[in-house]
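The first chain written gets the first letter, and so on, giving A, B and C; residue counts start at 1 in each chain.
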Amino acid sequence: MDYQTLDAGREFVARLDTGADWRSEIETLAADAGVDAGFFFGLGAVQDAELYFYDQDTKEYDAIEFDEPLEVAACVGNVSWLSGDRFAHTHAVCSREDGSTIAGHLNAGTVFAGEIYLREFDAHLERERDETTDLDLWPL
Amino acid sequence: MDYQTLDAGREFVARLDTGADWRSEIETLAADAGVDAGFFFGLGAVQDAELYFYDQDTKEYDAIEFDEPLEVAACVGNVSWLSGDRFAHTHAVCSREDGSTIAGHLNAGTVFAGEIYLREFDAHLERERDETTDLDLWPL
Amino acid sequence: MDYQTLDAGREFVARLDTGADWRSEIETLAADAGVDAGFFFGLGAVQDAELYFYDQDTKEYDAIEFDEPLEVAACVGNVSWLSGDRFAHTHAVCSREDGSTIAGHLNAGTVFAGEIYLREFDAHLERERDETTDLDLWPL
């Protein structure tokens, strides 16, 4: 386990625009506010969602689309740099009218309403290819 | 996307009372400690749960009740003002003995055990009716 | 509802080792960094998971094992002392390739990849047996 102690940065709350993309909105927040590293948390609802599942054997992402209104019961993720851009690594648990849930790596989702808390770290975190998992991870 | 930079406030941990209402307990915490804005996170278990799902077409909340013991696998929400009172906007992912899950907007739930972390912001956040979604959102 | 105002401590991000145990990694982080109290949040993936469900009637934990690759869609928990050791009370929502989810108290899980944010409190929290629930809770 590798870890890093980080100096605390600023705190933000954001309200995502109805009709915009959930993940892009978080990346826009990070870019507009100049956040290079942070963790975020959110809740709200989306009009649809595209989830990614990482196949640990083939080391490829499989996409699955849900074209239906969903609550965002919980969203947890982080902001760091990847290939020259700010990337919001975004996971979400979504739910339907009957309470049933879907979850995973949220690649995209059309915002119905979204409330985000972003905790900035006074640091620069950048992802690099990890050989073992073939994922872009932090070299802490 | 609208956002606001907020000054950090105090930090609280709370232990919810067995038999009390999950959301009311968080609102009592906010009232007792004088918290006007913040995000909270929690875990624990409830004896039952009432979830709300917001119908994005009819713009009405549909309620669904689960009269069974559930783990609170994850709870994410925020505190702000709504119609003259502190309101804990509370989402939760709950689970059963076989691991199966339900999730959504947690209107109510009888606490079995609950551990909450509340991060206060030194700010006053107040919800106002949003015309597009017919939800009470923050005008940031 | 009992609560405590806590002084803010340090902030950590950690990258969990592939092949190690998810919860043990968090406890190692807490021990290495000397964290006696804090909340943590995470996301990633595991190769398997053992969830606990607390039976509110018998007051026993039932274990259920999932021997399959899973996304960790959301992980929320806290660090405090229990019976002379640091204990990471860990809840997680996990998901499969089709988006379906399982969730609960994560006793163990083999890390595929994991990213953790740990928020330390400058305090000593220690769990004690609670008579009502027969759980180890904080006497706040």
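We adopt the following convention: a contact is a pair of C-beta atoms (placed from the backbone, for glycine too) under 8 Å apart; a residue touches a chain by one contact, two chains touch by 3 or more.
In UniProt terms, the chains line up like this: A, B, C = PolA operon protein (DNA-binding protein).
Note that this is a predicted model, so its numbers are computed, not measured.
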item: Category of the chain touch graph - line, ring, star, complete, other; value: complete
item: Copy pair subunit A, subunit B: interface residue numbering same or different (half cut); value: different
item: Whole-Å gap separating subunit A and subunit B, where each centre is the average of the chain's CA atoms; value: 21
item: Per-residue overlap in subunit A, given as positions that touch at least 2 other chains; value: 8, 41, 74-76, 93, 101
item: List of subunit B residues in touch with subunit A within their complex; value: 1-8, 37, 39, 41, 51, 53-57, 62, 64, 66, 74-78, 89, 91-93, 101-105, 119, 121, 125, 130, 132-133, 135, 137-138, 140
item: Complex interface listing, subunit A residues touching subunit B; value: 8, 10-18, 20, 25, 28-29, 32-33, 41-43, 45, 47, 69, 71-76, 93-101, 112-113, 115, 117-118
